[in-house]
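One chain, chain A, links the two complexes that follow: it is found with chain B in the first and with chain C in the second.
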Partner chain A sequence: MNNVLEVKGLEVVYSTNRGDVQAVRGIDLDVHRGEILGIAGESGSGKSTLAVALLRLLKAPGKVTGGSVMFHPAGRSPVDLLKVHGEELRVLRWSALSYLPQGSMSSLNPVMRVEEQFKDVILEHAPARRDSLGELIPRLLGQVGLEPRVGRMYPHELSGGMKQRVLMAIAVALEPDLVIADEPTTALDVTIQRVILQSLADLRTDFGVTLMVISHDMGVHAQLADRVAVMYEGRLVEVGDVRQVFKDPQDPYTRQLIESIPRLGRKAS
Partner chain B sequence: MTAEAPPAVAVDKSQDSAPVSGVRAWLSRHPLAAYAIRRFGLYLIELWGALTIAFFFFRLMPGDPIQTLIQTLQQNYIYNAQASAEIIARYKHEFGLDGNLLTQYLVYMQKLILHGDLGPSLINYPTPAQTVILRSLPWTIGLLGISAVMAWILGVVIGAIAGWRRGKLGSAIATNLSIALSHVPYFFVALILVYVFAYSMGLLPARSAYDSNINPGISFAFIGSVLKYGLLPGLSIVIIGTFSWILSTRMLMIPILGEDYLVYAEAKGLKNSRILTRYALRNCYLPQITAFGISLGFIFNGNVLVEQLFSYPGLGTTLVTAIQQLDFNTILGVTDIAIFSVLTAVLLLDLLLPLLDPRVKYWK
Partner chain C sequence: MKSELELRGVQQRFHARGVADGYVTAVDDVSFKLLASPPQIVSLVGQSGSGKSTIARNVLGLQKPTAGSVLYGGKDIFKLSRSEYDAYRRDVQPVFQDPYAIFNPFYRVDRVLWKAVKKFKLASTREAGLKLIEESLQAVRLEPENVLGRYPHQLSGGQRQRIMLARVHMLRPSFIIADEPVSMLDAQVRKHFLDILLDFQREHGMTTLFITHDLSTVYYLGGEVMVITKGQIVERGPVATVMHEPTHPYTKLLLDSIPSPDPDQRWTTRIQVDELERLDDNTPADTTKPEAPVL
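Right after this comes the complex of A and B.
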């Protein structure tokens, strides 16, 4: 099997003065090249902690206490993401491992033009593309359905949906091996959600990126993912083909999650 | 009201000659100009208000300056014991003290705005107060301006690094030193500096602004002397100023480090130096520009004592001498200059800010 990422026995704790709180408990998970893998689960299930741990953005008091994360970037030797540091980690970032945060968060620098925020990351990792930037940035923006003039704008001039698209365009700017998206559609209204999901699916087709999509929204996984992994209290309770999981959930918690999807004609009681 | 208002009205009138809607349309098409015009109008109102308050406030001062002057003249020239009512009336007129308070105010404002005339200085009579002030103004601008800007730059840079590297030893030292020293008065540091460098070590001069054996002028010797004599008073302002800027910049920096865009910058794999300058510092120095304008008034206050301590021939020394001698035109004049400088500096910074921070809105 051609895996981009192989997670084995990953353990993450948050240290508090009343002892450690275990957020991720021994997760084993493979991410196949070219797939969209959904990570589902309720708030506090550990899915966001998993994402930041994989991205090596975990901050104190969070701490990885065990496991390994083998990463297989194309054309480079495989590395254990938990063991790389400093410069070695920095060069892996974005060109191989990129991040798509929630657009409603202030992930864009408020005092830099959008195009500058493309430029700095592209020039950092692919300085040879300096001359083609003028053509590259509008093309990336076009890929997510934005006009070239958005590049001249500042983040506060963009709507939530536009910010999310800008972040998507930046995420794939260097054709990374793996994009980890943390709640990419949360806090967007449903019509924009739909458009964003479509753009994400298009990005996979156009760029061939592998996507790991964290979302509490089962609807997102149903529309977008090839496979879905369900987390509950820091554990992986079920992993499988998305249609299979929806049709015949093995774990009682997964069944609950699927049943909690709102449907027309069914009132909350 | 009549004094400062006309120019502002005149500016608006000249544009009102076009149809009203035309002006509005023009302003909405040029938001930066609209902002600048409105900000300038506000500046004129502030200036007028502050000058008016200063005028009436100083008229409340007890003591009769004319009596003081006549006594001085009597002592110096063995004058006729009974100064005639005519002479007193003449002096009152010259010093702008005849008529009721409102008349005095109108005359004062008229002279100030139309002729830049602050009235004669009492102790240097008949030299006008503005001449006395202009003699000392360059010294204060040189000393205060350079040290205040230096303190700001040093404090913002060190404070940003201290925030960035919080938890590290160097940062902890800088922070605790700043907490301990940022509110020490300037003159106290000045005293210590004088004791160490001038008195104990004899390295630097403790008094005056330049070596009196050197002729003032554009020469290396004179400029060198000015720098040497300005070092201790300047240093006392720079040291304390830097510490307080370190503290406030660090306080602005730390919440920024928790911002999403810093995590994002890290995820982008940018170099640390770039994240510090383009992401963290770029977002944290902007409020400090506004704070700099506001702080100028306070720095001026502290500067008065520092100048006095070093017998520095600046505005502070002039002000203290004027207060001792009840030289009211000079006192008011120095106050007016201080008001004018601080308000103008804040105006310039406010006009500069929209160019530096894209989020500042030019329009309402």
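Right after this comes the complex of A and C.
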């Protein structure tokens, strides 16, 4: 099996003055190359902690207390993401591993034009592409359904959905092996959500990126994911093909989660 | 006659740069009527930029429409006498989106409630006032001893939003104008909040205009719904009818865009980006709306 990421026995705790809180409890998870893997679970289940730990963006009082995360970028030697530091980690970021954060509202620099923010990332991580920037930026924007003129705009001139799409375009600018998207549709209106999901699926089709999509919305997973991993209280309770997870959930918690999905036409209780 | 709030041909235009005629029309010829009796819950649902919050501001008298009128008890709210205006301000109460922004961080939360007691002369003694405050806090399922004497930052978003509901409960208005009151709350707290609104309708006969972008919240509340897009109300009716037999293409698009939690029912069609881009164009500054609902 061709894996992009192999997580083994990952443990994360948050230290508090009332002792440690274990947020991720011994997770084993493989991410296959080219797939869209959904991470499901309720608030507080450890989904976002898992994401930031993999990205090495975990901040104190959070700390990784165990496990390994083998990352296999194409054309490079495999590395344990938990052991790389400094320059080695910086080189991997964006070009091999990128992040689409939750709350796109605050992730763009308010005083820089969109195209400058693209340049920032691209020149920092792939200076050789300087000459092709003029062609690259409009192409990336087009990829997520935005017109080239968006490049000249400032973030405050964009709606929430447009900002989210700008971030998506930046995330794939350097054709990374793996993009981790944390609640990419959460703050958006339904129709914009749908456009974002469409664009995420396109990214995989057109760029072949592997996507890890974290969402509490089971509808998002049903529409987008190939496989779904369900988290509960820091543990992975079930991982499987999307159809199996929805149609024939093996774990009682997953079953509960599927049953509690609100559907229009049936009053939620 | 007092117990009626009506919008008649309300239009609201704003100056804007980079638009053909120098204006955007946020609200375009909107008319509807809210009745205090029987108490009802009417949801106004639309995307960001559709004009729904502007309507809330018009109804609350915070923004004078460029054309048309807002009538309270048959009279234009911008032409009321002083005493009529006071009555209107008491009878039509707002609940806003951001439970963080409504409190002054330097004062204890009690102040919001005591202000209401004093301004509207709800009680003649301190004891009576405190009793009233405690009753209202209990009505919104807050323990008075857990919230009184605290500062806003010591409470959760859900608690703060419920304090605003306690204030509404004390005033017993005929109308509540709730503008995205749950969009910053997570699923569980959200349900709590909606249940309180339903209580208010049933037990205290309050009519709510509930403004939201979220269809599952509308479904949960039931009652009537109006769908707004580009400043115009395109469809209205009982929630069940509108959701099961939508007639306007926009309502259909909205309903069809809710991701179905069934991998065998994936979208087969693509949605056109440019038809949304036009919606986007109305919303240069988007308000943050975290946490999609899982009611």
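Keep in mind that, in the parts below, the second predicted complex is superposed on the first by the 265 of 269 C-alpha atoms of A that agree within 3 Å, B and C clash if a C-alpha of one lies under 4 Å from a C-alpha of the other, contacts with A are read in each partner's own complex, and residues count from 1 in each chain.
As a working rule, contacts are C-beta pairs under 8 Å (C-beta built on N, C-alpha and C of every residue); 3 or more make two chains touch, one makes a residue touch a chain.
Please read these numbers as outputs of a predicted model, since none were measured by experiment.
Applying the stated clash criterion after superposition on chain A shows that chain B and chain C can sit side by side. Counting the residues of chain A touched by each of chain B and chain C gives the higher count for C. Once chain A of one complex is fitted onto chain A of the other, the partner contacts of A:Pro101 are limited to chain B, with no touch recorded for chain C. In the overlay built on the shared chain, the residue A:Val213 is in contact with neither chain B nor chain C.
In the superposition on chain A, A:Arg90 makes contact with chain B only, not with chain C.
Legend: residue contacts after superposition of the two complexes on their common chain; A:Leu57 is shown touching chain B, with no touch to chain C.
In the superposed model, A:His156 makes contact with both chain B and chain C. By the document's definition of touching, of the two partners only chain C reaches A:Ile261; chain B does not. When both complexes are overlaid on chain A, the residue A:Asp120 reaches chain B alone and has no touch with chain C.
Look at A:Val111: by the touch rule set out above, it reaches chain B but stays clear of chain C. After superposing both complexes on chain A, the closest C-alpha pair between chain B and chain C lies 7 Å apart. Once both structures are placed on chain A, chain A residues 105, 156 are touched by chain B and, in the other complex, by chain C. The touching residues of chain A, when paired with chain C in their complex, are 43, 103, 105, 145, 156-163, 185-195, 197-198, 216-223, 242-243, 246-247, 258, 260-265, 267-268. Of all the residues in chain A, the ones that touch chain B in their complex are 55, 57, 89-95, 98-99, 101, 105-113, 120-121, 124-125, 154, 156.
Per the touch definition, chain C reaches chain A in the complex via residues 47-49, 186-187, 191, 213, 215-216, 219-220, 222, 243-244, 253-255, 257-267, 270-271, 273, 276, 279-280, 283-286, 288-295.
On chain B, the positions that touch chain A within their shared complex are 259-261, 263-271, 274, 278-279, 282-283, 286, 357-359.
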